[in-house]
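Here it is, the structure, as structure tokens.
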Amino acid sequence: MARQVAVCGPADCTDQERAWAHEVGTRLADAGVVVLCGGAGGVMAAVAAGATAHGGIAVGIRPDAARGPADEAANLTVTLRTNLGQARNAVLITSADAVIAIGGSWGTLSEVALAMRRAIPTFWLGGWSLVGADGQSVDGVVTVDSPERAVTAALNVLLDEH
Amino acid sequence: MARQVAVCGPADCTDQERAWAHEVGTRLADAGVVVLCGGAGGVMAAVAAGATAHGGIAVGIRPDAARGPADEAANLTVTLRTNLGQARNAVLITSADAVIAIGGSWGTLSEVALAMRRAIPTFWLGGWSLVGADGQSVDGVVTVDSPERAVTAALNVLLDEH
Amino acid sequence: MARQVAVCGPADCTDQERAWAHEVGTRLADAGVVVLCGGAGGVMAAVAAGATAHGGIAVGIRPDAARGPADEAANLTVTLRTNLGQARNAVLITSADAVIAIGGSWGTLSEVALAMRRAIPTFWLGGWSLVGADGQSVDGVVTVDSPERAVTAALNVLLDEH
Amino acid sequence: MARQVAVCGPADCTDQERAWAHEVGTRLADAGVVVLCGGAGGVMAAVAAGATAHGGIAVGIRPDAARGPADEAANLTVTLRTNLGQARNAVLITSADAVIAIGGSWGTLSEVALAMRRAIPTFWLGGWSLVGADGQSVDGVVTVDSPERAVTAALNVLLDEH
């Protein structure tokens, strides 16, 4: 049974984030991991493109009931049209053995928060930092500085679980 | 982009329903269709086994946050651990281009009803009949009498949509 | 802590169903029961109007993220804007101690089926009948023939649970 | 039609957060606002207790299918037993005209993030701060330093919308 990693990030992303997401997708596919994403554009479309370019499976878990525009749907092996709005973020995270987040946005933050809430190992590339009411950094999310390290860290977690 | 058919039916099913589900899975896989199911036992496990036995993709959309017992998980290419309870029935149906139901149960009935509510073509093998308050049969769900006819009818709908 | 009864039925209903729903709402409010409904028109708006006319609480659990048109929102004490589509039907049913369905529609049928799936006592006024693959009537949903009997039957169940 | 404010915060909270939540509940009830919360303990139970102590309506939107322990259920006027897990956070937020968060936790952060994602006015008392990848503070959530200011700010937003 294949392991599943959710890759989260904004639809409205930078070129660097898009390139990172594509590389994360290729590396996860090379490792035989199923890629889960939100099924929309930006980071989501890029990770799906990377995964399927390397023969992997990319699953898009969309917030609406549509297949989405052709450019978003093109590289999805499976499309879940949840029609749940942002409640789909919880479905995406709960289904994942590990989470890689790329870039910062409110939607991405909600997914990182839900992952930490469920204690799913989470790695953030180019993301936000959290400071508690006491002025101290909030621990939990692991910061990584390259797609390669994000994937290596996630794969190490999955190996440990076996 | 592959078409997706949801196959619904009880976890607690008869041997005939299990055999029907397996055959439906093989036929959908042969046609290159992605099989969506509820990710549990009985009809759900059988259709997944049939699909993957013929090289197809089987997606299990589970009600809980677990991977499920080994025998249910064995033949799922992807497992969505929705943690939505029976609200996952709506996610399963909304994601489908057509629905094949096998056998009768309250959960199956809820999926058939949601499919009709969304006007998704629905074919029922060994299912229940509905009689309106006026004593007349309620139209909508198409009754079929073999796995072959269920799949042929579903594929015809998908072809018409292209 | 107040008991909660879900009242389900079509948005597009007959005058008789609307009158039945209004009476069910008044009777539940008189008994101090919180009324849950789907928050849209027809049976849903009528039961809310009946409940609040008698000083009760009516909760609308809507499928979208809007407050709804003024005539649907007018008599709702609380509006849950779930944005879950028809997955909200499961939220409505799971929240109920008993279910009263009025009239027939696919959406209503999905709610009755989910209620039976969870073994929540369910009473149907002017509803559909179910016939199994063996030609026998499917047991479970209790048929009632007046709003008074629907409410009396639901209240008896709630009393028994105390 | 009453306005609705979601009050979010951890089940495992400090005494100060509990006191803040209670005061927020009383002030919202005094203003005729319906209080929505997650229906569990800590901040959630305290805001419900405050609201109902001042004659208000408190709605608990729980993650599971249970009524919850007696101390959590005691002050809820209505309990939605969503059975959606943390996907219920999205239902809670989408239903709110404004959000007040008290204290910091991963679950609370997910709710703040979902509120900002939907551009619902959000006020955070004793919460976390967010720093972007560029080292700059992320704007959006309004920090407040007392229950009184949290409620005043939320009420001002609701007034502006009329």
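Which chain is which? They are A, B, C and D, in the order written, and residues in each are numbered from 1.
Heads up, the rule we're going with is that a residue touches a chain if its C-beta (ideal position, glycine included) is under 8 Å from a C-beta of that chain, and two chains touch if they have at least 3 such contacts.
Every value quoted in this text rests on a predicted model; they were computed, and no experiment measured them.
More contacting C-beta pairs link the chains of A-B than the other of the two pairs B-D and A-B. Greatest Cα centroid separation from chain D: this falls to B. Distance between chain A and chain B, defined via averaged C-alpha coordinates, is recorded as 28 Å. Note: centroid distance chain B to chain D, computed from Cα atoms, is 39 Å. Within chain B, contacts with two or more other chains are made by residues 65, 83-87, 90-91, 94, 118. Listed in rising order, the residues of chain B touching chain D in the complex are 65, 83-87.
Looking at the complex, you find that chain D touches chain A at residues 84-91, 94, 103-107, 109-110, 113-114, 116-118, 126-133, 138, 140.
Chain B contributes residues 1-2, 4, 34, 57, 59, 61, 65, 67, 73-74, 76-84, 90-91, 94-95, 118 to its touches with chain A in the complex.
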